[in-house]
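Structures are listed in the sections that come next.
Each of the two complexes below includes subunit A, the first together with subunit B, the second together with subunit C.
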Partner chain A sequence: MADLLLAILGVLDSGVMQGLVFAGLALSVVISLLVLDFPDLSIEGTFPLGAAVAAVLLTSGEPPVVALVAAGVAGACGGLLTGAVHVRFGMSKLLSGICTAAIFYTLNMWIMGGRGNLPVLDVGSYFTWAEALDASLKQRWYSSLNAFFHPASILAGLLVVILLKGASDFLLGSELGVVLRGIGQNEVAVRQRGRRTGVYKVVGLALSNAYAGIAGAVAAQYQGFSDVNMGIGVLVLGLAGVILGQELFARLGISLASPQATTLAALVGVTLHQVILAAALRAGTPPTSLRLLAGVSLVAVMALRRRRRALTFSW
Partner chain B sequence: MFGRTKSRRLFNDHFLTVVLTVAALTCSCSRAREGRSQETRIPVIGVATYGAHPILDVIADAFKAGLRARGYEDGKSARILWKSVEGDVNLASAVARSLVESNANVIVSITTPVSQAVARVARGKVPIVFCGVTDPIGAGLVSSWENTPGSGITGTSDRWPYAEQLDLIKAIVPKARRVGFPYNAGEANSRYALEQILPLAAARGFEIVPAVVTSMADVRRAAESLADRGVDAIYVSSDNTVMAGFEAVLKVAHQRKIPVIVGESANVERGGLATYSVDYRRLGDATADLVVRVLKGEDPGRIPVVTFHGEQLYLNEEAARRMGVSLSPQLRAKAFKIYGAPAASREHP
Partner chain C sequence: MIQITDLRKTFSGQDGRAVAALDGLSLTINKGDLAVLMGPNGSGKTTLLRILDGQLLPDAGRIVWGNSAASLPVSRLKVSVAHVPQDPSALAFPEMTLAEHLLWEELNGRMPRFWRRGITARRLEKYRMLLESYGVPALAEALPRPLNTLSAGWRQIFLVLVSAMRSELSRDRDASFDLLLLDEPTSALDAENSRLCLELIKRLHGEGRTIVLATHDPEVALSLRARICILRSGRLVADIPAAELREDTLPRIRALIAGLEATL
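Up next is the complex of A and B:
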């Protein structure tokens, strides 16, 4: 029984940690898809961009905070590109995102000095102090227990996520957020009220991709490497979290009619998704069935969703 | 909200409970299994791999056979926990953690990014044996090929016998000057290969003509562009993207009569002309050897990284005919294996 509890704790610890690492992606998808109604594929390029920028800065001795901020700025530049191409040249939403992702695939390699992979193993990272603290906590309090939990690392991850969530809640609740939401629902109406919707869209995409870049920087520091292929599938990862969270909140009867609730739902969703994956991994499912399991669990959620009336957000 | 039946509402309200229960149950199953394995005290060998791939599958089979040959049979005298990230490198940390938590006595990590994630999570807790990492120094896994005591990590590298392979081009096409090199610049191993090849090629009077691909769909175009630029031979490295679309290279090579030198024996069988090959079966076997040494208590940091040199020459007769080259009797005499007619599926209309 004690073993079982420890195993569940381990799975929760691993899943929650992964969830916090990818939380920026979920917030990015909230801003681009839910608010702006813009299915933004460029995060497949700006997530590894953030990782690449962070890896290069950390290996050249910059402090982790600088790496995180720089990754956010770099991600925002990626969003600017997507927005500019879409607004200025009238390229479709999907295509402009695909272009940015493609362009940054190459740029990311240039940033990493012409390589496709850069280790972040033996350099001080954002999690270094937290891991040291976790190690000493374990030594002092539960060294005899065969337990795997990392309260300090989780707190460190949580700190970033709280900052990210606070910033997004503030921005989405401000006038900017209201206009962005308006554009997402009825662009023409917003334009008729004298707003330059193009500029707002570019700003919204820059914001969304800044979050993706920061998520990439966190992921690189947590995983120990930056790889040019780590962007593959991150849109799905973020999207799955957002949808799962909304579904869950709707089912629990929690209102989603505020930016705070919507971002919280996304964070809970991405964490739950990662906990499911961690449980599946821990359970020793056959090595080729993990994706099947992940896919089926999402299909199940989507199938349930159809029975409900469409979710609406109004803030 | 409206007109929902009570049962549906109940189901909906308990959705989270259901999900968590399933998660908890799966945990408990695995926990129960592990409990047994601990009682009988058989070693647990955790393997974190990248997913299905022709070369990786060859390594995996040889690895399992190698463990069996050394007395570690899965389910009897050892337990092999085989976990895959299924192509998603962002899962590698979670996979590494699940192996540490499953009380693995040693963790085998296959491919560069997976090895880095495993090193990040498990270094200092569980000994690590990496496998199939072309450039373990550049990847930050070890500080030198000789390794350092206490590093807690060792492994096998599939660094290829580039010099021998370039000499092979010279032996088959003595007039060759321009050598096409299609590769995906996003793959660490290919980038490394190119860095190694450039000086070796210059010393042999070759000019390397690179052609970059980003996805399997680009491979044919890249091969045609090389043909248009008048290369005398095409040299394909361990690039996973190019290997995935290798048939497209062959098709162009047959049409334009360009010999294709590959890096690995399985691709000679697949229709490449020739290679001096790292034998991936030996790589898998050597990895098994390292695992057994570590399980017996050796310090992984005192075991140098294992590399291979190409002693085995592979040729493909049918490819030679289709690419319009002749293989000299001397070369044939040296060959470890000569493949004849390729499989019917390689026929191009």
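Up next is the complex of A and C:
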């Protein structure tokens, strides 16, 4: 009985922690897919880009905050590339994202000095203090138990997520947000009103990829390393979070009619998804099958949706 | 005054055959005019409106706006053209709220600021008052609802209103010409809303707005006491000034249009 309780707590602990790590991805997908109607694959390149930039800066002695901000800026540059390729050269939304992701795969390796993997465990990161605190909490309160919880790390992650959500809510609720949403809804109508949609698309994609870059930096600092392959499948993670969250809110009858509610749904969704994946891991799924599970669970949520309709972006 | 001379627009049809949507159309619209375009399907009404609002470029011909020497394009002139298309959703944002549509008009031509809130209590109050002043409290109630939750008729009325309120919403624009284009605004409306819509148009006309309206319904033209321009195959075939409208005009218009064959 106690074992089961511990197992459940452990699953919740690691699931919530992972959810907070990937929260930036969910917000990124909200901006690109829900707001701009742009299924942006470039986050598979800008997520590890953020991780690589953060890892390099941390190993050269910069403070974690600088690493996070720089990762955001780097991610935004990736978004600029996608936007520019799409807007200037008329490459389709999917292809321009794929193109950016491919380019950054190699660039990320260059950034990490030609390596595919860069550890940051020994240099001290954003989570170092929190982890030390978690360790001392275990020492003091439950050293005899065969478990390790991360309340301090979760709080540290939550702090970043609250800041990210606040910023996205502020932007999406602004005049600029209304225009960005208009582009996702009816690009022709925006152009007809005399606006150059290209500029706004580029701005929106930069924003969305900044979130992916920050998520990558958080992930690298939490995992303790940056890896060129850590971007594979992250779009599915973000997407699953957004869809799961929307479905959950719809079933609970919570209105999604505001930027705040939509981003909250995405964050709850991505966390719930990670809890499910953590449970699967705990139940014995080999870690190599996690991506399969992430993809299948996304399909399952899509299939189980009560109303098989397009995602909502009405607020 | 808008002076349209010898306007031509040709589309290439599915089978590669050229379709002359406008074939040497000449028409003068004076400031403050209410002109009703009539004519069978495919006679070029929508094409004319789309050229007037700058969506389409004509192949040939001149449009002179006011006393400006330039003829085209519209986007370079200080002209405010509001267009409610035949399919009103074409230029609307289906999942955005009514308030957000009004905000779109308010932002017209100005950079959106990322540090300024979009829908604020003050704006909502302003929109509510504005809609109530136009006699549609029902729409004022519906401000927080997405456009696609409205019935087609109310959507149409709302979009006509939004276009009409443009000058009130964005005061800082100094358009020298303020034109409202309405493409079959009453075709989706029931009798009651039709009447409401016509009243609205009359009111806008009374306020001095220049309005060009396309319709298939001669009653609309009559009840608006408007000038009637009849098109066929992209040409103006009859231009009846409002002053000449009489009881017996209706059957005459009907007969005139019935005699014209429709083109696909």
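Rule of thumb we're sticking to: the second predicted complex is superposed on the first by the 289 of 315 C-alpha atoms of A that agree within 3 Å, B and C clash if a C-alpha of one lies under 4 Å from a C-alpha of the other, contacts with A are read in each partner's own complex, and residues count from 1 in each chain.
The definition used in the following text is that a residue touches a chain if its C-beta (ideal position, glycine included) is under 8 Å from a C-beta of that chain, and two chains touch if they have at least 3 such contacts.
What you see is a predicted model; the values in this text were computed from it and never measured.
Once the two structures are overlaid, the count of subunit A residues touched is higher for B than for its counterpart among subunit B and subunit C.
Of the two partner chains, neither subunit B nor subunit C is touched by A:95. Contacts of A:192 after superposition: subunit C is touched, whereas subunit B is not reached.
Of the two partner chains placed around the shared chain by superposition, subunit B is the only one that A:248 touches, whereas subunit C remains out of contact. Contacts of A:182 after superposition on the shared chain: subunit C is touched, whereas subunit B is not.
In the overlay built on the shared chain, the residue A:174 is in contact with subunit C alone; subunit B does not reach it. No residue of subunit A lies in contact with both subunit B in one complex and subunit C in the other.
By the touch rule above, subunit B contacts subunit A in their complex via residues 1-2, 8, 12-13, 15-16, 19, 22-24, 26-31, 33, 35, 49, 52, 81-84, 86-95, 97-98, 100-103, 112-113, 116-117, 119-121, 138-141, 184-188, 190-191, 214. Partner subunit C is touched in their complex by these residues of subunit A: 171, 173-179, 181-182, 185-186, 188-189, 192-194, 257, 312-314.
The touching residues of subunit A, when paired with subunit B in their complex, are 3-4, 7-8, 10-11, 14-15, 18, 22, 102, 105-106, 109, 114-117, 119-122, 146, 148, 219, 222-225, 227-230, 232-234, 237, 247-248, 251-253, 272, 274-285, 287-288, 290-291, 297, 304, 307-309. Residues of subunit C touching subunit A in their complex: 53, 55, 75, 83, 90-97, 100, 103-104, 107-109, 112-119, 144, 146.
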